[in-house]
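Chain naming follows the written order as A, B, C, D, E and F, and within any one chain the residues start at number 1.
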């Protein structure tokens, strides 16, 4: 079930085809997952979303590709996005995540959720030393 | 402001003192941040929370200490926990996070939140290939 | 799957029948969607929930009916409520939402989620000029 | 800081005065907390919100008044509502919540957040026996 | 669908068997629900999670067992954890929750979500009298 | 307090100056709010974030500018982003939002949060007629 109707042959639209081709080339795989197939209902949204995902997630940077996928899983689980948890766990595995790393990731994000609740329920005041914003006039 | 009243001299309770001493020894620092000072209103909760944080975050493991802090920031920002965002950003900096890594971390968690919304608003069906749970009888 | 067992013939309860009749009359349709069929396990909760939905969503007001549905989608997607995303997207379509408006709605709520994460992770201080609460003694 | 400007003398509006009087009578206290003072910028919203809060929270029912406040704290902390965490913790204390009960409440809601994350990150399939919705034709 | 592959015969691992045996003994039931079967992909995570759930939820304490389950439902629904809503609603029913209590629970958590939104959208300032943290020097 | 240290004179960096100039030109105002001043700690993140906000929020489109701000408020309140609630409420007012529209907006997003909780706690199954994704082979 979805809230949009994906086209039967989305790549007859040249804008969609260009994005799908770039996804396949970037990932060196023929598989285009449903996220992109459903976003294709609006080619401009497909284009800008893929451009940003490619720039952030598929371009060499200061962070390790596997670390990036783990961060994506952490946010996606916290937001309760079932699709995203599935797709980024699969991506993390494809980038070498072991079962032990997966278990550790789960423990960290679960512990963070737990201490987030404690800090919020206690309304703990922020320690002054944590402020990076010294010289600010307020 | 907080929802509990921290003791004026929490370390007169030997259970609290034992935890605070362990925090100082583990972190090689005299500073005990407010999270622990407010949790000290209930020594058993303080003990079990610190024990878990120490085991997960301050014990050598399969993941890099800085990566763990970044994962903590990702969850804390997604949950909107102001205290936790502050304390774990400070911790990540203390473990060497550069401004460039910080900016990249922010872009990843912001992009994840964005595509989480898209996937949820579209109700994209999960691709069958993402299922790790093959042999399951359902 | 649900956490409650809907009655096989809910309208044998006159309180349920009265609400279902009002839903059909208000919407000029014979269809009563599952939300109301499951809420019918508790007639008082069904009555107060429908009364509020009718007053806010189905009564002429300062906001356009389609805008109201879009706001409902925005909250529902952010809360990760799959049922509500489906039902209110269908309602928005029935009120004339085009594919282009749908795509734009998705882009706005996804962008908002993204900048929400940035503001929270940065802990940006609120500009004084945004305060509507001038004369307040605090 | 707030997003609305509360009136300097809100009770000159008879609709606001009627609600404030009812709050004072219901709670047997002269104190009207800020939630109602700010909601007073729109008397109809003030009236309907108070009417529902009074019916659900201040009317004898199947659940103990202290339990109701604890449930409110659980939701408010999970939603990260700072104001609500403060006001309902104060209300729970006024209804007799001890420090030990408060600590236990915090541990339960923190543990729930933790196992929520685990279940979501693992995407655990729901056991068939949990389905209350047997006879349903789907 | 899940993000991990549960073992076909998890109890051949003695650590898993010990936890499952303890679950069965604690609950006086042969049934081990999926949460534990999937967590068993990592025995240490299974052990620590069960130990905490048992200590908090299955040990006599200051709060009634049914109240604890209701608090768990409140957090789980707010976090949108479908699995947890199902499992803890089933547990609450097994501990005697009536339909009337269930309906009241739903109304409280729904009302809390509603007033959380109002307080956050209004950015209501916290009343000074709610502060439990008097003597604090800040 | 913030997690980053804004530069004392951010516009000495020509990339920052170019963005701030564009913000001032686009909004026809000399005021640059804190969101952009803090994002300026990383000019590339500032540039891409502003470019997207400008394209989505400050470019004529299928949706009314005030409606867009209201959608932004709805998401921001649901995510508990204090800064964003303040900044977008101020923006909505600048675009003509009346007190009556503001009150109605608040009622809609609060009601949506309420029924989201009900649908999630009940785990209401999605009606088949809501599925826009007919021809899909699954």
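By definition in this document, a residue touches a chain if its C-beta (ideal position, glycine included) is under 8 Å from a C-beta of that chain, and two chains touch if they have at least 3 such contacts.
The shown structure was predicted, so the numbers you read here are calculated from the model rather than taken from an experiment.
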| item | value |
| --- | --- |
| Chain whose average C-alpha position is farthest from subunit B's own | C |
| Chain pair, C-D or A-D, that carries the greater number of C-beta contacts | A-D |
| Whole-Å gap between the CA centroids of subunit B and subunit E | 19 |
| Separation of subunit A from subunit E, taking each centre as the mean of its C-alpha atoms, in whole Å | 26 |
| For subunit B, residues contacting two or more additional chains | 1-4, 45, 48, 52, 75, 78-82, 85-86, 89-90, 100, 105-107, 109-118, 120-123, 125-126, 130-133, 136 |
| Interfacial residue positions of subunit A with respect to subunit E in the complex | 80, 85-86, 89-90, 99-100, 102-103, 106-107, 117, 125 |
| Subunit A - residues contacting subunit B, complex | 1-4, 31, 33-35, 38-39, 45, 49, 52-53, 56-57, 61-64, 67-68, 70-72, 74-76, 78-79, 81-84, 86-87, 89-90, 93, 98, 100-101, 104-105, 107-109, 111-116, 118-127, 129-132 |
| List of subunit C residues in touch with subunit D within their complex | 1-6, 8, 48, 52, 126, 130-136 |
| Residues of subunit E defined as touching subunit F within the complex | 73, 77-78, 80, 82, 85-86, 89, 105-106, 109-118, 120-123 |
| Contact set on subunit F toward subunit B in their complex | 1, 3-4, 41-42, 44-45, 48-49, 75, 79-81, 133, 136, 138 |
